[in-house]
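After this come two complexes, each holding chain A, first together with chain B and then together with chain C.
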Partner chain A sequence: MLQKKNLWWLLGVAVLAAFPLIVTNPSDTSIGVITLLFMACASSWNMFSGYSGYIALGSSVFYGTGAYTMALISIHTHMAPGAAMFWLVPVGGLMAMVIALPFGWIALRVRRHTFVVITIAVFFIFQLAAINFSFTGGTSGLALPFIQWGFSYYNVPFYYVALGLVIFITIVSAAVRRSRFGLQLLAIRDDEDRALGLGVKVIAVKITGFTLSAFTIGMAGAVYAMFVGQIYPQFVFDPVFDISVALMAFFGGLGTLTGPLLGALVLEASQQYLTVSFSNGSLYLILFGSLFLVVIMFMPRGIVVYVKDRLNKSAMARAAVATDQLAATGAGSSS
Partner chain B sequence: MTTLLKAENISRSFGGLKALNGCNLEVEKGSITGLIGPNGSGKTTLFNVVTGYVKPDSGTVTFDGADITGYEPDKVFARGIGRTFQLTRIFARMTVLENMLVAIQHDEGWLRGMTRSKSSKVEVDNAMEWLDFVGITRLAEMDAGSLSYGQRKLLELAYVLVANPDVVLLDEPAGGVNLTLINQIADKIRTLNEQGKTFLIVEHNMEFVMNLCHSVTVMNQGTNLVTGNPAEVRSNPLVLDAYLGGGDDDEEVEVAANG
Partner chain C sequence: MNSTALLSAAKDGLLTGSVYALMATGLTLIFGVMDIINLAQGILVILAAYLSYALQIHWHIDLFVGLLITIPTMFVVGIVIERLFIGRLKGPEKTAMSILVTYAVSLLIEGALNMTFSVNDVQLQGWYVNRSFAIGSVHFGYIYMAGFVLAAVLLSSLYFMLYRTQFGVSVRASLADQTSAALVGIDVKRVSTICFGIGVAVTAAGGMIYGATNSFNASTSYDLISRLLTIIVLGGMGSLGGAMLAGVGMVFIGDMVGVIWSPVWSSMSYFIALTVVLLIRPQGLFGKQSARVA
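And then the complex of A and B:
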């Protein structure tokens, strides 16, 4: 059973790894890079918000922090443009964690809607700061060292680094889900006060989860900055990014391992593809919106959960023969 | 017998309402102590004060000789006070076994709790033993949210017990469950008590309280009215007054004026 599951994961990685070898058109592989970055971000966001139920809408704070870290360090140290800049990717992630610590410390004191509002407020503070500070270049942004890789080859290293991020966050996310830490996050999602009364140190658990999830988002931001070569406050501190990441996780299945990956893959890839295909007008937005509506209406808990439930139901139907065994639950049940 | 848990002169107001007004309570080590009183007399608030969910305006809570007034719920739990809630609170989207495993970590630091893997075999076995004790082992892999009300009560009892607290506070363990299950829960409590576990029970079911408890404290209007063994309490006229609204009108007016 577990073996079979692992095979599916390996197949998924193989398909994603083979993509730029088969599809060599740069405009397509460019969509691939952005999609993978969103997959990593959605998965990382889900590792905290999906598990704990704290819906954070300030992910771009980490994304932007990663992007600006990459830009500022590479510019100020006069880095030779090239693959060596990838070493700054984890630095971007670490900077995002440094930001996440006080951010979480402030925001995680409150719950539900108030938490959401505070994360949005913090996001605006960062966007305004990036626009108004001089070291960020203000609205004219920052230009990174120009990487002179060949046009047909340019996307490929970014693609595999982004794929590496996706694999990394998937493994971390799976490890968290299996750990006692993950169990504590889930307990917080279901009933925080009860968890507290059972000895879960909820504040420490929440801040750790929040900070941990910032790491990969910050790394993705750093890769993005290096990939596009020029960053602007309104594109790396982007409210649409905040919402997209959350929606991707909801779309695929909140709190599941595959859900956010699938959600980001389907939504980002189709959005990019539709934008390119229907450049005339905003037809793509209508198609995109309808796709979203269909999923929300018929699979409110996300695609992955819906499919799992369906599979479970059919398995249950097959096991219905053994129902009398279930019905005889007797002793302990009050029903 | 020594006093394990003691609440002295606890007061707590919510706005203009004095939910607790100089309330005292003592729980002897190894006893089953009952806490009864009409609705709104402050029983659950007292539970909340003892377990750290509500901070008292004044008064002290002492546990095993140490002052634990104002401790956070996780610390109170780590000290060895477990509780259940009147409306059962379980982790609905986790399996029954996972519910059990949340509670195990009461004595370890947060870093260790977060970094080690989910659960050792010993812990899982221990959790399964407690599930077996309350009789719901076969539900271990089910989502806790799909349990019936009575099964939830049993699960809540089991996951409080799994951490091996010194004293267990039960808020209406017999509320809303059928007679068979009530007797079953009473049996479990009696068995555990014989093994040395201390219980403090809030309950409206008089038969349950009177049969089970060694000592009963009656609360009324935020304070402790009478304490004694079940027979004494049953025959005390003050208790009847408290429950039936009292015969002496003058006294009632006086109490209202003071409150």
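And then the complex of A and C:
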């Protein structure tokens, strides 16, 4: 069983890895890069919010921090544009963790409904700071060192780095899920008071989880900044990003390993294609909104869980029929 | 900086703040009674503003007369949203799901508004919009004064309804404890639906004043909802008085900071005030102490 499951994961990685080899059109591979970044973010978000039930709507604080870290360091150290800049990606992730620690410390002291709202407020503090401080370049943003890779080749390194992030966070998330720490997060989701009563250091666990989940989102932000070459506060500190990431995880299946990955893959890729093919943002909003309502109303636990339940049910039904038949034939032969 | 500037900032804070207080009261009423966080409140304010705009452009109906149409319309919009989506949410994840559902609803409305009215900024017009009268050296804009009066009238009628009517008793009972309210024979579901309607209906007045004092388009709603959420958290979620006080307080602080330091920092001061308050009082100014020990 475990073998089969691992095979599926390998197949998934192989398909994603083969994608830029088969599809070489730069506009398609650039959709691939963005989609992979969202997959990494959704999965990382899920590692804290999905497991603990504390819905954070301020992820772009980490994304933006990663992006600005990449931009500021590469600009001020006059870095030679090129692959060496990828070394700054983990630095962006670490900076996001540095921000996440006090952020989590403030926001995780309250009940979970209030937590949602505080994450939104903290997000706006960061967006306004990025607009108002002078070192961020204000609304005109920052231009990173210009990378002169050929047009047809430009996306490919970013694609594989983003894929690396997805693989990294999937492994981390799976490890967390199986660990004692992961169980503590799940216990907090199910009943925080009881978890506390049983000796789980809930505050420490929550803050650790929150900070850990910032790392990959920060790295994704750093890759994004390097990929697009020019960042603006309203695009890296974007409220739509905050909610998209959460919706992707919900869409696929909150708290599951595959759910957020699939959710991000389906939603982000379709969003990018729709915007390109319709060139009408409003129609997209309506489609996206309706799709969401349908999923939330009819599959409240996400597509992955819904499909699994369905499969289990039909498997159980088949098993029941089989045992009935067995019983019937058994009865028949004995008579 | 002088005393006139300070005084007029204080006046602006009070007048504009009352309108925010009105919109936030709707939001906190919905949360208090139903445990629903209505992320669509921001876009509903904008929807209401566009309704006033459409009435004005197509039928030349005055903004204040238009309220007679927009308030009932927004009430119905609220009822429809509650019946179609919110009322169906159940279980322990209800609040979290409500955030997503109302966000999806707000995306739908945003898309529809963008298609109908385009994304260009508009502002509501009327002979009173740009006029003001002066007391001493402080100028009072007619529209701001009207907004203040409107907010005061609506908030007092809301208070009257809550504290002087049979229905108000049911609402307050549902605010205090839904299970017990249901046990003594209150139809909590019906109360919830009507509260959602009322919570949305106040956006009609709020949206009209907002639209006359600011230029707006559908994406303005993000800024609005974040302010409204900050206000209800600061006031203590579910506390009506808290929402009013925080609404006025927030805009007041913002305007004062704008005059004393720089307008650049005025909106940020909101969020910093929120963070500071929450560090000291995690349940907000007037929030009920949560059962959680941690």
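Rule of thumb we're sticking to: the second predicted complex is superposed on the first by the 309 of 335 C-alpha atoms of A that agree within 3 Å, B and C clash if a C-alpha of one lies under 4 Å from a C-alpha of the other, contacts with A are read in each partner's own complex, and residues count from 1 in each chain.
Heads up, the rule we're going with is that contacts are C-beta pairs under 8 Å (C-beta built on N, C-alpha and C of every residue); 3 or more make two chains touch, one makes a residue touch a chain.
This structure is a prediction, so every number in the text was calculated from the model and none was measured.
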item: Partner contacting more residues of chain A (chain B vs chain C); value: C
item: Contacts of A:Leu186 with chain B and chain C, given as first, second, both or neither; value: first
item: Chain B versus chain C as contact partner of A:Pro300, first or second or both or neither; value: second
item: Partner chain in contact with A:Pro239 - chain B first, chain C second, else both or neither; value: second
item: Chain B versus chain C as contact partner of A:Leu196, first or second or both or neither; value: both
item: Overlap of the chain B and chain C footprints on chain A, listed as residue numbers; value: 193, 196, 202
item: Residue ranges of chain C touching chain A (in the complex, touch as defined); value: 31, 35, 37, 85, 88, 93, 95-97, 99-101, 103-108, 110-112, 114-115, 222, 226, 229-230, 232-233, 237, 264-265, 267-268, 271-272, 274-275, 278-279, 282-284, 290-294
item: Chain A - residues contacting chain C, complex; value: 53, 55, 57, 106, 109-114, 116-118, 120-125, 128-129, 132, 192-193, 196, 202-203, 239, 243, 246-247, 250, 281-286, 288-290, 292-293, 296-297, 300
item: Chain B - residues contacting chain A, complex; value: 51-53, 72-74, 76-78, 83, 85, 89-94, 98, 101-103, 105-107, 110, 113-119, 134-136, 138-139, 148-151, 153-154, 159-160, 163, 177-178, 180-181, 184
item: Residue ranges of chain A touching chain B (in the complex, touch as defined); value: 178-184, 186-187, 189-191, 193-202, 204-205, 208, 255, 329, 331-335
